[in-house]
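Worksheet for the structure shown next.
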């Protein structure tokens, strides 16, 4: 726990990270769920872990996983339906032009919702990363949009005790993903009950958004439900350690979380390809604590007063003071 | 006229273009409206010109301008309220934290609406380019959004015979503009009558959008009202000649205009800093004609059939065939 | 053969392409070298294939591979030392801070040179993609540069009948690669005999270069030795089909190849993740032919005359005329 | 003075900043040199100011300026030849295709060298911002490169007591500038005596470089002569306040300045469009001091030891500790 927030991480953070060149991964691969959890337990303050459907939780191990997490005093904060690791989703999942693929995708989400319910998790994270296009004249935007809306609606209606969160991203694995911004996510979910948004800092930054602004907009529409923390160099989802590149905007983001009274999960979605996993996770939480302390020490009123002026000099000075005390 | 479309240009296209280094402009500056119009008349097929409020049209010259354009057989396709050329808008116009500036901004738009009505023009182009922020902790996103919504609503209610179009842009002159994507524009205008969207190709591309997808989304929500044509290298609003950099996406855009049955203005918003103005305008229209001919020659059905497959190979082959015949 | 150029492809183009999400690949994986070659033979005009050291050619199969290629009337245009697919290179190869890793890297290149010599191939492609850094304060730039220079020099001196080409790239798999531009490659290789540059269109574009300018600069310094063809959206090495996004710059590039009298390999380095491989390869060569025909039909003199004017209007008009005849 | 460094600023920083929309500038314009200097004097620690040739210093006021600065106890740290504010340079200066323009450009630099010598300034800053191109097929790269080399050589030979520094930039005012990276600048100046490089942080970042790496490379080749400080969001030369966006890389840069034993000018090149000028300048120097203190307090050895490990976790932790003490 970090004050009002719950701290989470994706289970594979403790495994091995691969990329398209080093497909076998940069660290020791092949860790079991138990081994990864054993590492996770060593992180002070960690409250829960995200699991990927099929890979970590499935029809055969629901009770086992529930007990395993209970025994370790950790929550399962998210079940992520596997709509992106198999070749069959390559040309899209919920927005596929193939009706049987769309049906499969909805079923996959439904299964994850069952698994989530079974292990006491409130959310599934629908990331339609394969739903998009790569080349000009390859996509029927109008039809794709309808299919996405229909698919999400069907998932959301499947059962009401697990909320369907949609995670947006500008690109990757497609050169263009359909659900690519906070505003578009709001439009996508408009009028569909039992849905919300998962905001990933890095996705937001790489989409050209200011992430605090994205959070405020989502909160305005009542769907700031869940957060993924990480960082990048703005043009790609580098999935780096929190605040390792962009400190002022991460600080601003933390301020807005307080102001918007966000009190949900702060879950790491990092890919520490070449890094030791435990120090990487601790580093991220240490930065979050440092920034949260800076915000709380300074006070929302004082920060709000500077924002009210709109004076860039005051803003830059305040950031420096909050970080360095000078 | 280009088939169903009307062809327009911004009046200053025929003047002199300046940047922050060469403030006096790269060409011969100081041209009168009459001189610029005299050049514009030499462009075959040109149907109309955009004017900037105060600079080109104002309380003192409405009748004169109306007659001048009628005599020259040109329409005034747009009046652009001057919310961005004066120091007083530097910290924002409709979203300013200063109530008196906001009031001024609404009044400025209202004046432009009167001028538009006076010269027989159906639209004003509200481009809130100064409404945004530059630094972290400088902006109150929640309040700014409300102010923008209120301001646009007030403008739109001023008179119903001139439609208020909002033009979005990711950045410049601010490092972050609030109204920065098609989706966010839809949210902004939701529930506000007498409003619509002005889609600028280059703004869309520099915002990371596929511009055809942006057009389809705006059309889905009924606000694809007006277009600005140009091109760029994707990271900045370079305001270059149409299709000079990105041919396949411009071709795809033209296909979608046909498919979405868009039949409004195609207005150039280019900054030919170092180029002769007449050939620049003609070049742009020649590219639009070439692309439109390619689409019409190929036929919507045939193109649609390729899109339906979602096959990138077919898409790339089709683009090549449409352009080169091979 | 395409006039004076030899046409090549990377062997894995005919296999399966994976990314960090779909590690098992989007197509049918597990193809043998013979199966991939069998597909390659179906591409008209193909002259040769690139092989990756260890994976496709190694101590045990030199004679077999030589015969296999001879029987299929294809050349081995490149052997690529495997400095990037194994975990051991994760923190760098030639520039590693670990002397034993550096030694291994040089040995790996030397082995590839032996294999190249054995199969009658003139080049090895040293791509130091893992040599770089991800985070601030992680790299010793001065020492890394020396190590890179020393490593390349050691490789180049190993045997003189196989030339060591260095392929630059701005980023990926590291967020920053040391050898990231044409100019830096020239500096790196300055004074080291038996070396040259492999210019990859997509790497150049994603590095912010104009690729024709990069080619001209490399030619000026005598090291424009080999080319990789592909395309992307400028911010990432998307490895897309040739000219599928950026037609004018690819056309300009083809003109400069003629003008610089380049007469080497034009080898595809594409990742057709979701596409059928044979049509993808044919599509790329068809675009190259279309552009080359356009250049030859127009003539170097006429194009050169337009360039000489420096007139953007003439340049845009010429591109349109060369592509569409209008 | 900031320890071993001299602190400078561009004189116009104290004037008014304009952009292409608000050509008359966002602040009160029309300040005299004396008025701007009067403001500058209020900045503690300021050691000198940059002047633009013609605008601030010219044949008629050399003695006056020399005395004015002496009376105010400020140095003239740079004279910038005016190769970019006039329409005549629009199609290029030193690399123009027009021999008479090239001759004028060399003469302009020579005049600035005379003025520099006259006022006791050691450098001129040749920024060939207009030397580049905007469109494909517009530039003769080979000839442009030769013209640039010849032009710089001619300038450098004009007089040996004023050093000719070249400032590189990826783009703006052209969409592509020829001299666009540290490595290319090294190639450009190779073999030309009396030349060096002016490294601008923001130019480097917007060019995709890590700025500390650029500094190290320039130092390796002996031409890290002068620095411009500012910050941006990586895709454009936003000319923002120092460390207002990118703190870790600015910190890394400061470490490398110490390590490379740089002891020259740290001159602000910021465009505080909407900001009060005095607090903006003070803010920048305050950040520089904070970062320099952090480096000196931590010690080069300790930082170097972390770098030596190449361990990202250590690097991130060290940055946090240096900034926040935690």
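First chain written, first letter: the chains are A, B, C and D, and each begins at residue 1.
What we mean here is this: a residue touches a chain if its C-beta (ideal position, glycine included) is under 8 Å from a C-beta of that chain, and two chains touch if they have at least 3 such contacts.
If you're wondering where the values come from, they're calculated on a predicted model, not measured in any experiment.
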Between A-D and C-D, the pair joined by more C-beta contacts: C-D
Among the chains, which has its CA centre at the largest distance from chain C's? B
Rounded to a whole Å, what is the gap between the Cα centroids of chain C and chain D? 35
Return the distance between the CA-based centres of chain A and chain D, expressed in whole Å. 40
Provide the list of chain D residues touching at least two other chains, using ranges where the numbers run on. 91, 134-136, 233, 235, 241, 244-245, 248-249, 274, 311-312, 316, 319
Under the definition above, what is the set of chain A residues touching chain B in their complex? 91-92, 97, 133-142, 145, 170, 176, 178, 180-181, 183-184, 186-187, 207-210, 212-213, 216-217, 219-221, 248-249, 251-252, 255-256, 303-304, 306-312, 315-316, 318-319
In their complex, what parts of chain B are in touch with chain C? 233-235, 241, 243-249, 272, 274-276, 279-280, 283, 286-287, 289-290, 294, 311-313, 316-317, 319-320, 323-326
Within the complex, chain C is touched by chain A residues 17-27, 84-87, 89-91, 129, 134-136, 171-173, 175, 233, 235-236, 238, 240-241, 244-245, 271, 273-274
